[in-house]
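What follows is a group of structures, each given as structure tokens.
Next come two complexes, and both contain chain A; in the first it sits with chain B, in the second with chain C.
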Partner chain A sequence: MATLDYVWLGVLAVFQGPELFSILGLPIPVTLLMILCGFLLGIVVGATPGLAGPVAMAISLPILISVFGYTPDALLPVMGCLIGIMKGATIGGAVPAILFNTPGTPDAFMTTLDGYPMAQQGNAKKALRVAHFASVSGDTFSDIVLVICAPFLALLVEGYLDLPEKTALLILSLSFIAAAVGGSPAKGLISTGLGLLVAFIGTGADFYPRLSMGTEALSQGIALGPAILGVLIIGAVFHELAGQWRHKEVVSCAQPQNEIGSDRLSLGDIRKLLPYIGRSAIVGTVVGALPGIGSTLAATIGYTMGRRRHHKIGKPGDPAFGEGAMEGIAATEAANSSVSGANLIPVLSLGIPGNTAAVFLILAADSIGGFNPGPSVFKFTTDTVNPELVIAFGLFTAMFVANFLNWTIGGIFMRSMGIMARVPRQLLLPVVLILTLTAIYVQETRLEVIWFTLAFGLLGYGMRLLSISPLPFVIAFILGGKLESTARQAFDATGSDPFFLFNNPIAAVFMLLSIAIIFLASHRKPEQK
Partner chain B sequence: MIKKRLYQDTNFVTGLVFSILALLLLFVWIPLDSDTGLIEKVRRQVAIGDALAPTIAGVFLLIGGGLLMLLERNGDNQPAMDSNSVIFVGRVFAMLVLSFLVMRYAGPLAVELMNALQGSEREYRLLRDTAPWKWIGYVLGGTIAICGTISLTEGRFSPRALVVALLAIAALIAIFDLPFDDLLLPPNGDF
Partner chain C sequence: MKNFGRILVAALALTISTSATLAADWTPPGPIKLLIAFRAGGGADTQARLVAEALEAKMGWKFIPEQVTGKGGLNMAVALKGAANDGTVIGMTVTETFGYNMAAAPKAGMKPSDFTGLTTTAGFQMGIVAPTSKGWTSFDDMIAAGTGGQQIRFGVMSPKLADLAYLLGKAQGVTLNIVSVKGGKAVMDGVNAGDLDVGFMAGIQAKGVAAGDLVNLASALSEPLIQTPDAPTLADLGVAFNADGQFVFMGPAGMPQEARSALTQAIAGAVTDDATKAGGFIKKAFGGAVVIKGTELDAMLQSNYDAAGALLKAASE
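Up next is the complex of A and B:
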């Protein structure tokens, strides 16, 4: 089979997959419908302060698996829905940021700087249109880069890296994530160490499950769901609840002013915005391709670059950045949205999740089976069909379908979601808590997992309290088993060479880089952090 | 002033705690709770032992703790510790544990009560997928969890919290239980 045949099979897997129902004789494929559902749900949760894409993904995953089962046919509808949520939440986050000065998602914080002043000046709808246009443009650009880069990177890894180099690459990724996430390499290392430790409990090659303290509960190892959802979702809910309790916040939303002037984007406006969107999209894509670096950093860099450009070429009378410049919204939204597609480059090509959305895609693939994200996916076999490659191109197709929805109906749906910012968080968060715990239970059907999830929730809360990012924990927890098995194989394959990570030039470079990254990040001056 | 001083030391204390935990892990837990060492000899061939991977995790913790104490001790990322918030989260956690215990035992207790009143000998295990028995624990425990958490956060009990809890639980039953024959709400999978 040729490369284009695989691309075509992936497209067909989405458009000619299992049919859910038909309208006027036209079959509606289930994957398309799930992408639409996920996309709309994503906009709703993105527009609700206190919720975000990961919460919706955590809740949806067990329901989706219950509906579609554990067969390979379930992969595209389930992962398509998760991709829809990821994209919807990205644009939804701008709604409360612009209308109520409350970012729906953390990466929409920079959008408040110009979005809210625009709303106060009576240009709320125009600000939302700018945010939508910039967000979708950045996202589409990032997806194109993903489709081009991921297969090449995977082929490069498979072609040139052997077991020692792959082990060193995993260590380099962990070290990079520890150094880059959260602004403190020391805390990143602690988070990574905790994640690895939890991954190694109750596992190993020996008959006795290590670190299990002889208990039945620990001897089977820690399941992915309770640990990840506990630290990411329950921990975040505890932290938010504590914030609500401390401030006794009553959500008082400012009323946006009545619209002044046209709310449409003229051709002149678009021409003015495009250079900002283009630069931010490139920044976001580059930042997104590096595992662990979030969209918040991309938004900050994009905004800073945009402000510098605006300061240089801006005309007198144009609103400055921070005072309601639509270029500010465009620079921020294009940067944070272009992270989402590029974030899937390391997960699809290397099997290394770079953000929470990628973590949930791995969780879905792991739960359903039949698809193991990593370099082996992109094996272009000619004599037989590689089903994983078809799924990979199906996922790319799902991303473009979600982009199409985003261009067509995303803006209208997004602009109607202002009401979600009025939902009181102190009522919403406890419901999310029980919803998440129920979702975990229906999958595992043991009360034990609830205790584990609550315990990991406490750990997640403690980490947030100490300003330790939970993302390195989650990524290290996912990669821990893979790191150990690759290292064992590499050790055996090199004839039990204790220096197998340093005898090979590529592996040695990766290892030196791992050490250098931590060293350099630790010695940055405080003002640079 | 005292509070500021406390904030300035948070990184140091965190680093110290994690360094001690790492040392305990490396020198107590791993040696006592792994059957093979860092490396082992199997049929005259040297292989990686089960203790090596957790030792690497311990080294990550030790380096992280050490860097926090030495290089980031006076960093500007000192978290502001608020003991009242920790106590609040402790209360929410305790309330959640209590509500899940209610969830676990309410259904079987209701069946026992019915047996005592009607002289029947029914078992909850056989009724775990039959309405209304299958919902008793979930409705009671879930309502306590949601209503209790809202009340703790707002600092008072309100009828609104109870209504939100009951509506949310009804919605969750509609999402997870009514459309699926193969899903079991908590705690019914444990019977």
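Up next is the complex of A and C:
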């Protein structure tokens, strides 16, 4: 099997997969339909302040798994739907930011700076078009980079890194995430440490379940789903509810102005926007490829770079950044959207998730089985078919299908979503809470699972109260088992050498970097203040 | 019509077999919970789910599969031991769980007699497998490399196999770096990726061996491998123990006889029938069904458990 055969098989897996029904004799493959459903749902939740892609992914995942089951056939429809949600939410997020000055997600904050002034000036629709165009361009660029880079990175890792180096690489990524997410490396380390601690409950090579305190419930270890959904989603809901209860403020939505002038993007507009989009797309892609650094930083860098350029070459009479410049929207949206594709580079090539969306993709792969994101996926076997590689190319195909939907119907659907900003949060949060718990119970019909989820929800709430980011916790929890088994294997394989992490140059460099990153991050903080 | 035909065949088969009179009368008092000791999506899990599917179609029983993984099947055994013994809870694991693993974890306080054996479904073609790229064509080549000073990484997927690998190295006078990984597929991935030099594989190697990418250096069973009959067995290589084992369906102790017979017959019927998805899968993935049931199964599990002590002792010397 040549490389192109694999690409083709991946494409076929999406387009010729199990059919759901047929229209006029034309079979409709279930994966395509799930991508479409995910994409539309993503735009809706992205456009709803208080909801975001991860919430929808979290609720959909258990339901999708219980519908499609645990067979390898379920992988593409389930993950395709999640990818659709991820992409839909990215463009949907700009809607309330532009129309109502309400950033639904933190990375949409920069979009309000120029988007809302444009809306006030009567150019809301044009602003939405700019946001859509920039977002889709950035996203597509990022996906192309992903498809090209992920296999090469995986082959590089598999070809040059032995077990000790792989262990050191995992430690380096955890240390990088601890330092990069949430601002304070100390809090990042606490979060990472807690994640590892939870991952080590009930697991290990021995027959005795460690850290289970003799209880049967803990002896099987903590399941990924309840812990992740608890900390990320339930914790966030508790935190929001507590905030609302304390402030009891009535959120009023700004009213959009009537439209003035043409809302179309002219060729001249596009020519003006492209340099901003291009630069931001590159920034977003680079930032996205590093695990743990979110789209907010990408948006900030993209916006700042755009402002500098606009200041230098802008013509007098053009609105400045912050006063309704469409270049500002383009720079922000291209940057934050191009994070999402690149974010999957470490996931698919190394098995290391860098953001929440990636966490749910890993969770889907882990729950269903038959696909283990990591370097072993990209084995181009010639005599037999490597099914994981077919799935990987199927996922790439799903991403481009979602991009196609985004280019064609995304804009229209997105512009009709202004209404979602009027959904009151006090209704939204309990609904999310109930839906999440129900979804978890649907997948695993045991009441203990609900208690676990609520307990982790409290943990997530506590972490948010102390401004500790729960993302390092979740990533460490996912990587904990892998870290332990790789370290054990490296130790065994080197003939029980206790210094296996420092005996060869690459591992030693990774270890030094892990320490240096934490050290540098903790010393950078006071300067910023 | 098709269903009616199936029901008719099932009814006929049941009425003809005289020993099944009692069993045929038995219907589970509710849905049957099937505890699976393997990760979702793997070959063992697929087998368990297909058996459940076949029984749902043939017998009209309802199954609820549930994953209870970890600790070499002991987690599943703990859950099964305390469950209702009226036939509404059964479990699927490997015979090693009730032999070596229970003997090695006395604190868990379980022995084979705490369970009711139903039937085994398939055995493993457990071989000691290396990639062809290493240049070893026989087991002796590997030992020669080891005695020549080369470090050999030996992949294993259970503590029992780790003990066997240790005893093998001891008998052959080489030190093997024994690397524990999760599952036979991980051994194969490690061997293919070059992280491991050699390892135990329980049948998953068949395709690779046929294609010439992998080579069966030895059989880890008491008998030669079907695919490579010339490869020596562990006994030939000076190890008095072997990795013989099967997938097995079990229930909690004290299951009523009619429930036990009905479940045993239904499962054994599904796995030995190549026409069912379950039977077809077992033939393809594990080389055909191996059915050991009733008192024969009880005796086998007990003797595995008793013999495990000797292996543990030998490996700790």
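By definition in this document, the second predicted complex is superposed on the first by the 525 of 529 C-alpha atoms of A that agree within 3 Å, B and C clash if a C-alpha of one lies under 4 Å from a C-alpha of the other, contacts with A are read in each partner's own complex, and residues count from 1 in each chain.
Here is the rule we use: a contact is a pair of C-beta atoms (placed from the backbone, for glycine too) under 8 Å apart; a residue touches a chain by one contact, two chains touch by 3 or more.
Just so you know, these numbers come straight off a predicted model, no measurement behind them.
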Problem - Combined model on chain A: chain C and chain B, fit or clash - result: fit
Exercise for the section: Would you check which partner chain A:493 touches, where first means chain B only, second means chain C only, and both and neither mean what they say? Expected result: second
Practice task
Please indicate which partner A:275 is in contact with in the superposed arrangement: first for chain B, second for chain C, both, or neither.
Solution key: neither
Practice task
Look at A:384 in the shared chain and tell me whether it touches chain B only, chain C only, both, or neither; answer first, second, both or neither.
Solution key: second
Practice task
Considering only touches as defined above, state whether A:207 meets chain B (first), chain C (second), both or neither.
Solution key: both
Practice task
Look at A:122 in the shared chain and tell me whether it touches chain B only, chain C only, both, or neither; answer first, second, both or neither.
Solution key: neither
Exercise for the section: Would you check which partner chain A:367 touches, where first means chain B only, second means chain C only, and both and neither mean what they say? Expected result: second
Practice task
Once the two structures are overlaid on A, work out the angle chain B-chain A-chain C from the Cα centres, in steps of 10 degrees.
Solution key: 70
Problem - Contacts of A:162 with chain B and chain C, given as first, second, both or neither - result: second
Practice task
Using the touch criterion from the header, give the chain among chain B and chain C with more contacted residues in chain A.
Solution key: B
Handout entry: Touched partner set for A:465, first chain B, second chain C, both or neither
Key = first
Handout entry: Least C-alpha distance (whole Å) that remains between chain C and chain B when both complexes are overlaid
Key = 5
Completion exercise
Note: overlapping chain A surface for chain B and chain C spans 205, 207-208, 445, 488, 492, 496
Handout entry: Of chain B, residues touching chain A in the complex
Key = 10-11, 14-15, 18, 22, 25, 29-30, 33-36, 39, 45-51, 53-54, 56-68, 71-72, 75-79, 81-82, 84-86, 88-89, 92-93, 96-97, 100, 104, 142, 145-146, 149-150, 152-155, 160-161, 164-165, 168-169, 172, 175-176, 180, 182-190
Fill in the blank from the handout: In the complex, chain A touches chain B at residues 63, 66-67, 178, 183-194, 196-197, 199-200, 204-208, 210-213, 238, 241-246, 248, 426-427, 429-431, 433-435, 437-439, 441-442, 444-447, 450-451, 454, 457-458, 461, 465-468, 480, 483-484, 487-488, 491-492, 496, 498, 518, 522-523, 526, 529
Exercise for the section: Could you please specify the touching residues of chain A with respect to chain C in the complex? Expected result: 70-72, 158, 162-163, 202-203, 205, 207-209, 216, 219-221, 367-370, 375-376, 379, 383-384, 445, 485, 488-489, 492-496
Problem - Contact footprint of chain A on chain C as seen in their complex - result: 39-42, 45-46, 49, 64, 68-72, 74-75, 78-79, 101, 104-105, 107-108, 151, 153, 159, 175, 177-182, 189-190, 192-193, 195-196, 207-208, 211, 213
